[in-house]
Structures are given as structure tokens and as C-alpha cells.
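Pasting the structures in now, so scroll down.
After this come two complexes, each holding chain A, first together with chain B and then together with chain C.
And now, the complex of A and B:
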């Protein structure tokens, strides 16, 4: 059952990612990305990471992609305004070849990771142990990342502001 | 799994269906009759099956049949046929699924096994609700976009902007609630609300976190797209908003989805701030201990209430002609009420003869709590309807001002105050 679910979810994750690159309409690409994100949330749930599952849907699928689609609809791209992509398949193929070394590197890093052999704690992946870990062991990186987000936010406000008289 | 365990699981699924899907026609009825009440008219009450009107409840059935048998029409201008059909499904499914984590009663233990009394036995609780509330907006946005219609697109854009701005305030208001009850599981939160505050008030969320309750209720209105936040439909300025191009059952799914989402929102409000399934002053342990007394009280109170209920029906639902349908309906209803009382008396008599086992005590407690939850849910749904027919719609800029400049800073301040109080009390 777990294997079947894994294959099912992975298939949709890959399909969504593929669709996002190949599809012509921006809205279709964004919707396809949602499929990938939801499938990834399902994969997190399969790994017993219930908090990550929920956060993946709330933050990525729920908030960020809503914003993407909102902006795309706001721009209201007409069919005739979309760029013609004559040699799209060729470019995608070449791009894929260029990316192979990177993929090999990721694969090597994956196989270099230590295998987990002892059973996990009962409350693995729940909100409490995750929070405790984040706020004790990884406090500095966590705060730095939130600072980074804050900088991005303030930057966006500064750019969007008109010069007031 | 034993037969009992399977029975409890089936009961949970049936209850979840009844509370969400089964509640939709009742909510439509409440909406129309309360609208009538507020606007000083009667509301629909003529629709009947063989003289049985149930105060207009049959009208909902007629409307449902109308939506089912209408022609499934789609304009030729719509090119995104798949997305156009998918949109109502997303709205309906996410509203329906978000109801599945609401606990109807305290956990039941059968042969040492724990059963969570909710539609799906998952314990992510609030996070699950937030996730699905965030997904439901896609249905509206995709539907509005795929309609290829200016008004529909405007509705879709408004809904996107509204959800983005109100979800932030909603999440922040929930954080202070989670600080008070250190758990995301709704069952734990409700159990914590069974205690008493200083021996007088029940420890409901609304007394512990009044500001969070206010912010959450306002944002829940926005999430459910109910007036005063229904700019998404805004029939006075953008025809029907996102569902302008929809008809028949495709529209029906949007329509039912709205009511299920409203019911899910009220269920979460009740669960977080009004004690959920807890009867005030009688938490689960007290109920277990005092079950015989409570059964005795029920034996006295319910027939008395039924007696006055029947008198009320006979007084208000009658006509001068002896064989009129109103008189027949009154007789029919009183027979049903008397019959139900008979069933209740037989059940309690049976329990009295057999004696209360640990299992039957638990089931009776669960039954009482389900009834309590249902009554609270109805009351909260009534508030939703009441607000809809009382307040006018916000203008778009007012909506954004309220979300970002009022609710969000208030929620942030509330978090800081709550956290300070908790830290000071802990130290």
C-alpha cells in the first residue's frame, strides 16, 4: 500500500513539474505546479511528517501559489501576447543534458547520507518536537532566515512605494 | 476490529455527513426564514409534500431537485472546459473535507482502543482546516478565470486578494489560542475548555481569548465568503461574480459548498471558542459519574418540553376547516413527537433495567455531547445568517484596510500579550 501510494504521488509530482515547464499558458503552468506541491505534501505525510504536510499545503499551495495565480490573472496575458516558442522541445532537451551533472551530484549526496536504522520516536514529525528542535538546536539559522524574509518584505514595500509629495 | 469498533467508525462517518452535507438544506431553510424574519415577511413556507410543509423546509428539497434536473448548460465561449468543470468540485470537496476534523464528542474507548469522534481520525486539527481553507479559493479563482467573463474574472481576483489578506490575520489570531491550549488537536482544546475558570465561568476560548475570538470570527466570515465579505459575488456590482457563467448542478456545487464551508467555519468557531461538545459545567468525567441523574432529568424535561412544543404547534399551525392540511400536519407532527418520546422512554427504561455498563455510559455521554455540539453549531450558523441580513457589504478598499491595518496588528499585539502573560505566570 505504501509503495503504491509513493509511486502514485511521485508520478503526480513529476507530471506536475513536467507540465509546469511544457505548458504554454502561464495559468496552466501555475496550476500544474500546485499538483506538484500537493503531491509533495502527500509524500511528506507518507513519511509521517504531519506538520510538514500541513505547512506545505498552507504555505506553498495555499498562500504562495494563490499569489502567483493572482498576479498572472492580474496581468491578464492574452493568447496573442504569449511569446512563440519555436524550438521549445530542442531547448528543453539541451537544458536537460546540461543539468545532468547537477543531478548526478544530488544523487551522490543522497547515497552518501547515513541510513537511519533505529526506530524513530513516537512523536516524530509532530509540531512539538519539530518546534523544540528548531528553537533550540537551529535557533540562529532559523532567525537568520526570518531576517532574510523580512529584508525581502521591506524591499518590496520600498520598491512599491510612490514618492509622496 | 470488533463489531462495536466498526459500528463507531461508521457512526462517525454518518455524523460527519449529516453535519456537513445534511446540514446544507437546513441551513438554506434557516437562511430564508431568518431573512424573512429580519425583513418582516414570512419567507418560503408554501412548498409541501402531501400537506407536510415543516415550516418551509420542503422548499430546500424542491430547490435541490430543480438544480439537479436543470439543463447542464455551458457557453460556447468557454474554452477551458476541464478547469471550468473542476472549479466547483474543488470548492465543494475542500469545504467538505475541512469539516472532517471537527470532534463531535469526547474520545470513546472500546476494549482499550481509542476512537476519536470525528469524520477522519487525523490529529492535525487546526492545520488541516487552514490547509483546506487555503485550497478552496482555487475553486473560485479557477472558476472565475475559466469563465472568460469580465465579471467572473473580477470576482476571482477579489476572492484571491481577500483570502491572501485574511488568512494572515486568521493564522495569527489562532496562534494566541494555541498558546493558551498547548496543542493543535481540536479534541485536546475542547477537553481543556471543560474546566472552570475560577470556579464560576466555563474555561471557554471566548473568555480566555476574547480578542482572538473576535478576530477569528471576522476572518472566518471572510474565508466563508459570507456577507459582509461577499465581494466575490457582489451581485449589485459584478452580476454574480465568479459563478456568473455557472448553472444547474455546477452552480449547485458552489451553492452547497458555500453552506458546507459556513458550517465548517462555525464548527471551528464553536470548537475553539464556545467549548465544542462540552456542556457547560458538565465535562466528560462529570457526565460519566452523574449519568443516572442526568437520565432522570432527561425523563422529566423532554416530555415536558414536548408537551409545550406540541401545544405551540397546534396553536400556530391550524385552520378553521377541520380537514385542512395544516390541521393534518399538526396531528402528524404531534404523533411523531409522541412516538419519539416513546422511543426515548423505552431506551431509558431498557438502560434502567439492564444497568449502566462502562460502554453504555460512554455512548450516552457521546450522544449528549453530539446533541450539544449540534445545538451550538446551529446557534453559530444562525449568527452567520443574522449578520448576513443585517450588515451591508464592505467596499473593496475598506475590506483591505480592515484586514491589514486593524485585524493584523490587533492579532500581533494579542500574541505578544498572551505570550507575556504565559511566560510571567510560568516564571
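And now, the complex of A and C:
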């Protein structure tokens, strides 16, 4: 059953990713990416990461991609605004060939890795132990991330402001 | 059996990362380039979570949470930048935004 779920979710993740780089309209690409993100959320659940499963759906698919689609529609992109990409298929094909050796190298390095073990703790990946770890061992990175979000917020406001010149 | 081997997760993560890299190098649409970067983030997240399970450690999962927060910050700045650039150039072609890196030739 889990094997079937894994194959099903990975298939949709790869299909969505492939559709994302092939489709011409940005809105179609974004919708295709949502399929990938939801399938990845399912893979997180298979890996006992229940908190990340929720975060992936709420923050990634829910907030970031929704904001993204909102901006694409807000800009009212017309066909004449899109770049012309006559050699797109050729570039994708050639790029795919170039990336094969890199893939083989990494996969060969991981080939001999042993199987995943079942988690020791019953509540592995749930919000309580994860939060305890986050606020003790990872407190400084957590605070730095909040600072980064503040900087990004101010930066976005500065960018989007109307020019006064 | 497949689901319990680390290799199958590495395979999926690597393929997703390659597709993302392919999108960055082969496409000109600035939105698709951005989404490809997000896809690469997600491939790395999958690898982190799989390795967290493999090592029975929370470090990988926490790093994935931090990456998601960074991606959210990046999305805010990127979208503000794109709105400004689109208003000026009326184009989504990455080549139209060369002014960001060099002096614009009138």
C-alpha cells in the first residue's frame, strides 16, 4: 500500500514539475507546480513528517503559490508580453542530456545506502518534539529567519512604492 | 520495499532538482524561472526530510522548515521586483531585465 502511494505521489510530483517547465502560459505553469507541491506534501507524510506535511500545504501551496497566481493575474499578462521562445523544446532536450551525467553521479553515490529505519519515537515528526528542538537547539537560526522575513517585508514595500522622482 | 529505501527518495529528489535546473537554463519567462527555483528548493527539502528519517534526527526537518521560511521571504521580494519591472518594460522576458546588471543602452 505504501509502495503504491509512493509511486503515485512521485509520478504526480514529476508530472507537475515537467508540465511546469514545458507549458507556455505562466498561470498554467503555476497550477502545474501546485500539483507538484501537494504530491511532495504527501511524500513528507510518508516520511513521518506530519508537521512539514501541514506546513507544505498551508504555507507553500496555500500562501506562496496563491500569492504568485494572484500576481500573475494582477499583472494581466497578455500574449504579447510573454517572451518568444522558438527553440524551447531544443534547449530543454539538450539541457536534459547535459544533466544526465550529474544525475548518474549522485545516484551512484547513494546507491549503496541502506534502508530507512522505522522511527524510534512514536511521535517522530509531530509538532511538539519538533517545536522543542526548534526553540532550544535551533533558536539562533530561528531568530535569524524572523529577521530575514522582516528585511524581506521592508524590501518589498520599498520596491513596490511609487517612484517619487 | 520501495518506500523504505532511501535511494528511491534520492531518485525523486534528484529528478525534481534536475527539472528545476533545466527550467532555469532553458526558459526565458521570468515567472517560470522563479518557479523552477522554488522546485529546486522543494527537491532539497524532500532530501532533507528523507535524511532526517534515515538518521532519526530532527535536524533535517527543522532545516526544511527554515528553507520554507526563506522561500516565503524570497517570494515577497521577487514578486515586488517583478511588479515594478513589468510596469516599466511591459514584458516577462528575462532578457528585457538586463538593466539590472549593466547600464541600459538607451
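Going forward, the second predicted complex is superposed on the first by the 136 of 165 C-alpha atoms of A that agree within 3 Å, B and C clash if a C-alpha of one lies under 4 Å from a C-alpha of the other, contacts with A are read in each partner's own complex, and residues count from 1 in each chain.
By definition in this document, contacts are C-beta pairs under 8 Å (C-beta built on N, C-alpha and C of every residue); 3 or more make two chains touch, one makes a residue touch a chain.
All figures in this text were calculated on a predicted structure; none of them were measured in a lab.
When both complexes are superposed on chain A, chain B and chain C end up sitting side by side without clashing. By the touch criterion defined above, A:51 reaches both chain B and chain C.
Residue contacts after overlaying the shared chain place A:61 against chain B, while chain C stays out of touching range. Touched residues of chain A were counted for both chain B and chain C, and C has more of them. Within the superposed three-chain model, A:31 lies in touch with chain B and out of touch with chain C [touch as defined at top]. Shared-chain residue A:139: touches no atom of chain B or chain C. Using the contact criterion defined above for the overlaid structures, shared-chain residue A:82 touches chain C, although it does not reach chain B. In the superposed model, A:69 makes contact with chain B only, not with chain C.
Once chain A of one complex is fitted onto chain A of the other, the partner contacts of A:43 are limited to chain C, with no touch recorded for chain B.
With the two structures overlaid on their shared chain A, chain B and chain C come no closer than 13 Å at the level of C-alpha atoms. Annotation: chain A residues 51, 55, 63, 67, 74 touch chain B in one complex and chain C in the other.
Partner chain B is touched in their complex by these residues of chain A: 27, 31, 34, 50-51, 53-55, 57-58, 61-63, 66-67, 69-70, 73-74, 76, 127. Of all residues in chain B, only 83, 122-124, 127-128, 130-135, 137-138, 141-142, 145, 153, 156-157, 160-161, 163-164, 167, 171, 184 touch chain A in the complex they form.
Interface residues of chain C, counted against chain A in their complex, comprise 1-12, 14-16, 18-23, 25-29, 31-32, 35-36, 38-39, 42, 45-46, 49-50, 52-54, 56, 58, 61-62, 64-66, 68-77, 79-84, 86, 90-96.
Residues of chain A that touch chain C in their complex: 2-3, 5-7, 10, 13-14, 17-18, 20-21, 26, 29-30, 33, 36-37, 40, 43-44, 46-49, 51-52, 55-56, 59-60, 63-64, 67-68, 71-72, 74-75, 77, 81-83, 85, 88, 91-92, 95-96, 99, 102-103, 106-107, 110-111, 113-117, 119-120, 124-125, 129-130, 133-134, 138, 141-142, 145, 148-149, 151-153, 155-157, 159-160.
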